[in-house]
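Given below, in the form of structure tokens, are the structures.
Okay, so subunit A shows up in both of these, paired with subunit B first and subunit C after.
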Partner chain A sequence: MSEFLQHLVNMLVLGGTYALLGIGLTLIFGIMNVVNFTHGVLYTFGAYVMFIVVQQIGLNFFLALPVAVLAGWLLGAAIELTLLRPLRGSDIDTTMLVMIGAWIAMQSGTLWIWGGVAKSVATPFPEAPLVLGPVSVSWLRLFVLAAAALLILVTYLLINKTSLGRAMRATFQDHDTASLMGVNVDMIYTSTFAIGSSLAAAAGALLGPVYVIFPQMGDLAAVKAFAIVILGGLGNITGAVIGGFILALAEELGAGYVSSGYRDAMGFVIIIAVLIFKPTGLFARAERVG
Partner chain B sequence: MKAITTFLTVAVLASVPLWLRDPYLLNALITTGIFVIGAMSLNLLLGFTGQLSLGHIAFFGIGAYVSALTSLGFDIGLPGGVRLVHEPWPPIVGLVLAILVAGLCGYFVGQLSFRVRGAYFVIVTISFAEVVRLVALNWVELTQGPLALTNIPSISLLLPGFGELTLRTKVQNYYLVLVVALIAYLLIARLVHSHFGRAMRGLMENETLAVSVGIDVTKTLTLAAVISAAIAGAAGSLYAHYIRIIDPEVFAFINTVTMVIMVITGGKGSLAGPVVGGLIFGLLPVALRPIMAPEAQWIAYGGVLMAILFVLPRGIVPSLAQRLARRRGRAAALAPVALTETGAKEPA
Partner chain C sequence: MTRALGLVPAIALATALFGGAVQAQTIKIGVNEPLTGAFAASGTYVVNGAKIAADEINAKGGILGKKIELVIEDNKSNPTEAAAVAEKLITSDKVPVLMGAWGSSLTLAVMPKLMEYETPMVVETSSSGKITTTGNPFIFRISPPSAVEAAAFKGIVDKLALKKVDFLVINNDWGRGTAEDFSKMMKDKGISIGLVETMDQGAQDMSAQLSKIKSSDSETIIVTTAVDQLTLIFKQAAALGLKKRIITTGGSQNPDQIIAQAGAAANGTMHLTTFLPWFPDKTPNPEATNYFISEWKKRGFEFAGCTESFRGYDGIRTAAAAIEKAGKAEPAAIKAALWDINIKGLNGDIVFRKSGPEGKESGQSQPNVYLIEINDGKVEMKTL
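Let's turn to the complex of A and B:
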């Protein structure tokens, strides 16, 4: 039982950052109809910004987080403006392949600049974990959960309570009509991609210090984000949050009770199973097409 | 005209070992040839049915593992205390089994492609390849996991009048790859120009219309996936018996991307496209090696993929064919195969 409780606590911590990854991807997928293969690179990018700001420049850990989020936002906006805007109107496969090209170039660039050796980021948290009865959790992980929850809340408010959010939702439903109503769709696309990218960078900046940082760390993160989006249904933010926690639970239980070697296979198994049995996702509205 | 070009290309390729003595370059040509076969099989799906399979390396890797395990033998424990022991069989049987097993996997993926299309199909195929990679990595008893399967025997042929010939040298393997590539090319060409090929292209260009004239979507897509996977499996088998060592890294996503780049650069939906793109991208690393670090090469790969999609979205071969045709003043009478528009596909 205590082992199960421990898995639940781990699930909560992982699930928060997975949800961040999923929200970013589902926004981009849903609003822009772009399969964002650079999502994993942006996750890696966030982690490397933490490494640069904390280890190389020597700034405070808590200051580095907003820097990473902002850097992700800027990189996302740059990708949208240079690669996606000229391709508006081309078919989904072409944009997908261009994003794959961008992903390879950026990942190899990371490898070229920083090398393949894993890096770690020093954190201001005490080494000793917080022990509550049978369960123990490190302070760093608790902070990661709190920060992820805060970011999810901010995104939720941004989408549901601001005029930018209303314009994004309108574009999601019908971009032609939104455009006729005076929504600057180009601006919405750039903002959407930038916001999604900053969330991916935030997830990397939070999880990077928990584990280690290396150029290929984003590959698995990207697949997990795809799994979460497919679980939750495309463009569905609540679905992405729940999907993030379900994937984290499946990984924890899979690693704990099946074999730790197959921990990372859980995301793929979920993708295949959901697409075979319920291709519209678990929480999808009826009009979605697969 | 087309037959002459094909014949001349084959003649030039067949003469290569006669004047090229450098083993490093010959090795690069053999591996390039193997990847060209893979790219041709990917083109059958991507270029002629419009289904972007980003897990294509799974079929290649499955072919490699099946062939290697058939010729090496294995001894594994199954649930319930049963032991499954397999004595080594000749590598040529491994090649046949690789084609069959990869084709069977293609059947399941083809069935899936009926249910999910577009972006979802892409993600399913990636997931499929990753699951297979994780199984190869973790089922150590069968695959040796990261320790790799080593000492895979070379392919040997029973030639009437010659006895048994084991293909050990680079020149022998070069001709083996060339022959298999030629068979794959002719098979795909024959398929594409048949009734079945027209059904595939009809589906790609307008699925609703194709269905309304009686084309069976599932059957057509599944058959394309089976043949494509079987050819990729054959390429994987050649790879295993030539390199003679296989580890789970064969399933790396970057290998699929290499094939995709070959097809897109050369021109999807054109028979010669994967060959041209494959030769360029197979031999480019050789040319770049003295002047660029491997990481810089990969950056260049990503850049070239993006540049091609922006500048020549249809690829080199269709663009050249169009330019040639225009020069002859018959732009309207293009070769039908080269005329598969990239944007004409109906989203699912």
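Let's turn to the complex of A and C:
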């Protein structure tokens, strides 16, 4: 029983970060319909910004987090302006190829600048964990969970309760009509991609200090993000959050009670199962046809 | 544009010809190591150690009147890449001997290529038993197989009063091989084996496996993986309040990096290692060890990397000694000469003995194995 409780707590802290990874991608992949292969690199980028700001510049850990989010926002805006804007209207395959190219170029760039040896970031949290009966969890992970919850809430409100969010949803539903209604469509494309990117960078900035930071860290994270988005339904923020927790639960229980060797395969198993049985995702809204 | 592109093959050809002319002046040794991916830290250290050996040899005039040249390729911690890199080094760079490929799965992937092109390889790190028992006569290993590690560890299990152990190993030939060899040795000693948990080589979150181990009735965990994952395991074990004795194997722990990155979580952990840079006087070859460590520091590398990089140093010296003995830089002659060398490695004499099926034996040297313990952020030596 105590083992099961520990698995549940692990699932909660892991699920929160998976949800954060998922919502950034669901904005770009789900709403903008761009298969964003740079999501993993943006995650890595956020982690390296933390490394630079905390370890090399020596700024406070908590001040470094917004810096990483802002840096992710700027990099995302730059990608949209230089790569995606000239390609707007071209088919999804072309965009996908360009994004794969950007992924490889940025990952190699990271390797070139920082080398392949993993880096770690010091945090202000105590090393001794919080112990509650049979269950134990690190303070850093609790902080990451809280920060992720806050970012998810802010994103949800932004998309569903603000005029920017309304303009975003309108633009990607019907680009021409939104334009006729006075929405600055170019600005919406850039800001959606930038917001999605800043969320990826935020996930990296929060998880980098939990784990270690290296150029390929984003690859596995990106695979998981895609699994979460497919699981939750494209463009569905609530779906991505629930998807994140389902993936974490599958991994925890899979490793705990089935076989730890297949832990990271759980994401792929979920993608396959969802695509077979419910290809629009578990929580997809009914899509209007015609 | 078309004309500009037309120049590219011409330039490539010129480079190849010019390069060929330069290369004739050197003797090449192929180095096949993971410089990116999950084992980047370890592979980079090995390559840096290899460079120290090459520079030392070249400063003394090289071998057979020529300088040696390391042709270093990145196998990306990926077995498929490791095989491709070996093929490239042999067929395109024409290296007569290789050193590699760090991980057991990487080395095992390279081995058929060695048979195909009849080129010998000095294996500097891999510890899976399979490497020297499957009948590949082009393999010459200077690192201990996991059975040798297990045998060295056998002497201390009574002192440590081991009763029941769990395993947490990397899910590849290295980890699974270690779990097998250590389980066998421990069962002979009457120790019971509990869980055998595995983790993917790129995995960053081992909380699920550790939670399972936390609830088991064993008192000791044997952990086998490389330094980056070890750091994460110690941190995550501490976060879960797991209070069992942790012993690591494999010699890729870089204890100083663990102390720096895992902090207090590393205290009380024990590590089976193959080099003692903290106690040069206790190594089999103190003079060479001191030279190596001072050269390592002079180049500004982190001291933590010594426990890994010394293998690259020894590996290149082994290959160079064989080329010198062979009298020519040809694969068949080097392979024959590897059986006759006897050099003073940083961790014991490097002399190859036959291992594996008769008629196609691999070479296996017998390095020393040590047990160290981290206490208050310091490395202490335990007697085995």
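Please note the rule applied: the second predicted complex is superposed on the first by the 287 of 290 C-alpha atoms of A that agree within 3 Å, B and C clash if a C-alpha of one lies under 4 Å from a C-alpha of the other, contacts with A are read in each partner's own complex, and residues count from 1 in each chain.
To be clear about the criterion, a contact is a pair of C-beta atoms (placed from the backbone, for glycine too) under 8 Å apart; a residue touches a chain by one contact, two chains touch by 3 or more.
What you are looking at is a predicted structure, and each value in this text was computed from that prediction instead of being measured.
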{"item": "Side-by-side fit of subunit B and subunit C on subunit A, or clash", "value": "clash"}
{"item": "Contacts of A:Leu70 with subunit B and subunit C, given as first, second, both or neither", "value": "neither"}
{"item": "Touched partner set for A:Val154, first subunit B, second subunit C, both or neither", "value": "neither"}
{"item": "Which of subunit B and subunit C A:Trp112 touches, first, second, both or neither", "value": "first"}
{"item": "Touching partner for A:Met187 - first (subunit B), second (subunit C), both, neither", "value": "neither"}
{"item": "Subunit B versus subunit C as contact partner of A:Asp264, first or second or both or neither", "value": "both"}
{"item": "Subunit B versus subunit C as contact partner of A:Ala146, first or second or both or neither", "value": "neither"}
{"item": "Which of subunit B and subunit C A:Leu132 touches, first, second, both or neither", "value": "neither"}
{"item": "First, second, both or neither for A:Met96, with subunit B first and subunit C second", "value": "first"}
{"item": "Partner chain(s) touched by A:Gly256 [first = subunit B, second = subunit C, both, neither]", "value": "second"}
{"item": "Common ground on subunit A, meaning residues reached by subunit C in one complex and by subunit B in the other", "value": "111, 219, 259, 261, 264"}
{"item": "For the subunit A and subunit B complex, residues of the former touching the latter", "value": "29, 35, 83, 86-87, 90-94, 96-98, 100-109, 111-112, 219, 223, 226-227, 230, 259, 261-262, 264-265, 267-269, 271-272, 275-276, 279, 289-290"}
{"item": "Subunit A contact footprint on subunit C (complex, rising order)", "value": "35-38, 40-41, 43-44, 171, 197-200, 202-205, 207-209, 211-212, 214-215, 228, 231-232, 235, 238-241, 261, 263-265"}
{"item": "Subunit A residues touching subunit C - in the complex, by the definition given at the top", "value": "2-3, 6-7, 10, 14, 111, 115-118, 120, 127-129, 131, 136-138, 141, 211-212, 214-217, 219-220, 251-252, 254-256, 259-261, 263-264"}
{"item": "Footprint of subunit A on subunit B - complex, ascending", "value": "50, 52, 112, 115-120, 122-124, 126-128, 130-131, 134-135, 137-138, 253-254, 257, 260, 264, 293, 295-296, 298-299, 301-306, 309-310, 313, 342-343, 345, 347-348"}
